[in-house]
Amino acid sequence: MSTAPARVKTLKIDDRDVSGREEETILDVARQNRINIPTLCHVPGLSPVGSCRLCLVEIKGSPKLFPACVTLVREGMEVVTKSERLASYRKMILELLFSDGNHICAVCVSNGNCELQSLAQNLGIDSIRFPYRFPKLTVDASHQRFVVDHNRCILCARCVRVCGEVEGAHTWDLMGRGTSMRIISDMNEAWGDSETCTSCGKCVQLCPTGALVEKGKSVAEMSKKKGFLPYIVSMREGRR
Amino acid sequence: MTPEELTNTITTERETQEKFKHHVCVCVAAGCLSSQSDKVKAALEDEIKRQGREHECQIKGVGCMGLCAAGPLVSVEETGTLYQEVKPEDAAEVVASLEGQPVARIKGPSEAPFFTRQVKIVLENCGKIDPNRIEDYLLSGGYQSLTKVLTEMTPAQIIEEVYKSGLRGRGGAGYPTGLKWSTVAKAPGSPKYVICNADEGDPGAFMDRSVLESDPHRVLEGMAIAAYAVGASQGYVYVRAEYPLAIERLQNAIKQARRLRFLGIDICGTTFNFNIDVRLGAGAFVCGEETALIASVEGRRGNPKPRPPYPAEAGLWGCPTLINNVETFANIAPIAGRGGNWYASIGTEKSKGTKVFALAGRVANTDLIEVPMGMTLREIVFDIGGGIPDGKRLKAVQTGGPSGGCIPEQFLDMPVDYESLNKLGSIMGSGGMIVMDETSCMVDVAKYFMEFCMSESCGKCVPCRVGTAQMYDLLHKITEGKAGLEDLEMLEDLCDLVRNTSLCGLGQSAPNPVLSTLRYFRDEYMEHIVNKTCPAGICKIKVPTEVTA
Amino acid sequence: MWTEFGSTTPPSSDTRWRIVGAAMRKHGYRPNALIETLHTVQETFGYLDEQALRFVAGALRVPLSQVYGVATFYHFFNLKPQGRHTCVICTGTACYIKGVPAILTAIEETYGIKPGETTSDGNISLVSARCLGSCGLAPAAVMDGDVVGKLTPLETVNRMRRWTK
Amino acid sequence: MAKKIVIDPLTRIEGHGKITIHVGDDGMVNNAFFHIGQVRGFEKLCEGRPFYEMPSLMARICGICPVSHLMASAKACDALMGVRIPEPGANLRRIMNLAQIIQSHALSFFHLSSPDLLLGMDADPQTRNIFGLMAANPGVARDGIRLRQYGQEIVESLGGKRIHPAWVVPGGVNAPLSVEQRDRILSLIPEGIDVILRTLGWFKRGLEKYREEIRVFGNFPTMFLGMVSASAGLGFYGDGWLRIVDSTGNIVADHVDPRTYQDFLGEAVEPWTYLKFPYYKPLGYPEGIYRVGPLARLNLVNHCGSPLADQEFAEFRTLERGAVLSSFHYHYARLIEILFCLEKMEQLLHHKDILSKHVRAFAAPNNDEGIGVAEAPRGTLIHHYKIDDQGRIIWANLIIATGHNNLAMNRAVLQVARRFVDGNKLQEGMLNRVEAVIRAYDPCLSCSTHAVGQMPLTIDLVGPEGEVLDQLRR
């Protein structure tokens, strides 16, 4: 790593003059300036994947859209995070997610503490225009402390990343592809039979929906703690 | 191998071959093999032995001659006679006629526009040389470009030649090859890698397969030149596991090239080192996407990553990586040998050189062809392809596979180049060209491609994973006659979403077959939706039984 | 079933493991040789069973879930044994346009199997391929390794009948 | 001329149902049926779900009595966990249950039935509803609306949400009661008692007007079934025992463990309705007819268990020598139960441990089968679950109050139709009485069919050949 001081870039986000270091993303700088850009797959401290596409923003001068979570700031860049076009895309993407799983908030343990739900509320989604696909998915409650409900999984892979990158167990991964993609523990066996799972619960706490939850939580009782991740990450950096 | 050694080897080979009075070539590429060309070859060999003419007749297994549908194909080098649909029983007659008149019964069309209108650069050796023998490749001028580049040119000079040639990536998007090379060359970091994308995933495309089966050394030579140009020492050919023959010949070619020091260390007597390994794909179309391909070469799930960073800067294992496809690399040796200006003299202003197409579907000659850029679709389909069989009318030509579109009859006179195809809502793609006549339902075709995209979607990003599934469901609903106009509106909205928000090229282009059929064949959609009929009679629409009052 | 992680000792005395071992050794037991190794396992054993996946995971030091994830991502890999005979039907565009749907319907009506399925007696597996690259011969199929082209529904089923005698 | 009269959709009841009245050539009623045309869905829906989601999931069966399902379901889950829940938790559940009975009974009596009682069975159907009542008798309408609000407000303040509270959980409740909550609820009770006493007053004074309806509104001998409290008083939370009495008021079975319901309750199926017919096994089908709900409960208990309600109870029991048989008196019993609920709630809120923080027991499932029983406003409610070794539901059976009353409702419809319906000159008021008897049972059809949502009901007039001659939809 070079020891040269990072260069600072100045840019505009939503017509506000802001600045960021050259290795920072649009999302980093926006958050520092309390500009809210929605995202479901991104968690600071985990490698970015750019898969949920909710953080897409416009950059003046380009017809393309850019994922704010992986696009680095550039000098003179003019970023638009809110527009009618973006709002309509974000809504449709959320509607697609709702149509693809079996998300019934009213009976969900994460009701009221769900990132998918609150994003939908923020974007004013009150109905889903796409037909529900009603995949027949299972609930795995074999783990002593946790449950995975594939019906509520949006495949953001936060669990996969935190387990591999932070806990180091790599119990989770994704199997299959396309609409048949699922999260799996070890060799697609019951979570409770996993020999690699340390039961640390990081995956559960980072899951944005009610897909990974603590056992025994009743409806709307599952609220998650996310503060541990920045803590672990900063403690590790401090130790270096 | 030094230039002197090379010359000696060629001379020896030429003398060996010239001992034969007759050279009979039997196609042993996959197309003809599937119609038992290997048995034909064996029968010819037996026949020659039987007649005791082993010393004057050579039977040579060669690569694809193009007319795959008419296989097995046999050609006689000296007379240029081409035989088609040859059976082992024909062997005696063919051998007997070597001195006299050709066997009229199985004689193929050697003077037809099919041959005369083509310009062969990539395919120049295909059907002429034995893909299993490096000597045959050397005799036809093989590895001379590499020798020349390594001994006479600097990396910057060869990049300049490629730049001048105007060659654009033959895998799909048509990115200028010279620019790509110079980016990798300039990128900081080492080692650098060269990858040949031979994961020809487009259904209806088999150009890369034919080249690998017929002339594998040409690809290796192109890769080695590229490696020299960008400063790489390791290369990979990422090839579909579904092409066992191509893999076998490729691996054989690598072994031979190593033996003669066209690969390995101290190549051509210089200090340049470059190795090539084969990596097998495993049935994932998305791995045609550069970042997904890299993930696959690294042994992981073929999930694409957002770009930037581009592979040219951070590719395989985070190192600068050059990725070109088979056809692009196959163009390199001729460009290096004859110069960029020569190549640029072929084709149109913005699309230089030639393009190989796999012409298939409802067309008389379903073949592999190579034509100069700018030839019109009409010339391709009607002159080279021989038109539509059974007196049917052409309806559309699909180019670019699942990422492309359907071009209707009224645009047949447009020149085929990157820009024109884009303007029509399609893409050049890797070169699949499927001809459709009135028996094809365009909604059904759109559904076919959407099914493809849906099941080939890696599933990583939401718009592609779920959007393609929803679009497929909607198209299915339309073909069942159950859709309303609001479904069409939803379909168009989804096209817009998936195209603009998907992570990689697969998703971004997945709506193209729908958009282009909607653009040119909207009336067919309306027939399904409003009148509940399928004009082509493909879709099984159940008419609800009338309820008698 | 738990193979000791990192162990390069094969799970059984089956001599075919030597082929797999050699393939891994050739790649220096590097984790990135996973796909190449899986190809070797499938070529050797016909499919990827759990035992093999666990062994490969351990020997290449790739997490179990990642091995499973890779094996299921690529459609070329089979996690179940295939039938004694295999019919690979090409569903490429050219073949589709020239009538593959009718061929698949005929096979389903005769043997009750769809692409990806094996007859209940384990005799025939039906597989669909994205494109065999034999578009000139459309509609095409690979029947027990032989490419056959210009098929009709009747001819396809007739060829398969020879396997059931 | 023979006819079949179909009332479809039935109005002012909860859910979707249909009544078919068959009339002969003479215009006389031959037969009558009460159908449910909706499929049961919930038992299938919950398969594969973790058991601790059941209370909230089951509460979705019904928008009117979600709390009853919460209670029965949570108790079934307690049984799966094998825990005895802390007493303060049980008391808090009881309070919520009582509040919900108040609001449900108020809805049934004031909103659905009092227009018939105050405006007359033959009044113009356009105004014979809560709005007409508001114009004609604003005091009563206001009382009804207020009383229902009390119930809703209490449920809401306890559970956080009016309709589908998630506060009741397996093992107890998920938050203790605050002082503010307790005081707020207590402050509502006196006015509620005023309202219900006032209502009882005018209702009893008006009974004379409905002598004929009382005589034929499902007035026939049946048994009565329900849970009684440990002291044989009213016990809605259902932790006492089951008692069954016959039409003369004699106890047929007592101290019955409700978990053995399968031993003495059978379920018969008829092809013309989705609603099953539970019957008392020892007597067989259809002789084993019994009734549940407010009327049944007051016929079963020795006393109510609160001072004012006990006075009213004593008066009620003088209506007849044995059990009170006329289904018209469901209304009467309902009002007394409201009074009891208010008083009982007050008692519980003054309990010394009511503010305790110890309101929930935690446990993994310890049994693979669990049964929970509660008295819903409409009668005994049974939830019965089986789970796999991971705690996922593999089987569920629900017996709902409206189901218990199915046989009795059918017989009541026939009785009323025979008395009032003349197929020769069909009048709206006749059909209204047919509906009114159904309303007396306050059936909850969304519950009993376990269909999601609520739909109305129709009446068909059917001739001997089965042809629909007339249809009534409003």
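Which chain is which? They are A, B, C and D, in the order written, and residues in each are numbered from 1.
Keep in mind that, in the parts below, contacts are C-beta pairs under 8 Å (C-beta built on N, C-alpha and C of every residue); 3 or more make two chains touch, one makes a residue touch a chain.
Keep in mind the model is a prediction, meaning the values are calculated, not measured.
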Inset, instruction - Look at the interfaces B-C and A-B and say which one is made up of more C-beta pairs in contact. - result: B-C
Legend entry - Central chain of the complex, centres being mean CA coordinates: A
Inset, instruction - Return the distance between the CA-based centres of chain B and chain D, expressed in whole Å. - result: 74
Legend entry - Cα-centroid distance, chain B relative to chain C, in whole angstrom: 24
Inset, instruction - Can you check how far apart chain A and chain B are, centre to centre, with Cα atoms defining each centre and the answer in Å? - result: 39
Legend entry - Distance from chain D to chain A - Cα centre to Cα centre, in angstrom: 46
Legend entry - Residues of chain D engaged with two or more neighbouring chains: none
Inset, instruction - Going through chain B residue by residue, note those that touch at least 2 other chains and give them in order. - result: 284, 301, 456, 458
Legend entry - Junction residues of chain C - those touching two or more other chains: 66, 69, 73
Inset, instruction - In the complex, go through chain A and note every residue touching chain C. - result: 164, 170-177, 184-188, 195-196
Legend entry - In the complex with chain A, residue positions of chain C that touch it: 2, 50, 53-54, 63-69, 72-73
Legend entry - Interface residues, chain A side, partner chain B - complex: 49-53, 56, 65, 67, 70-72, 89, 92-93, 96-97, 99-100, 129-131, 133, 154-155, 174, 176-181
Legend entry - Contact footprint of chain A on chain D as seen in their complex: 48-50, 52-53, 55-57, 60, 164, 166, 169-170, 174, 362, 364, 390-392
Legend entry - chain D partner contacts - residues on chain A that touch it in the complex: 106-107, 109, 111, 138-142, 144, 147, 149, 192, 215-221
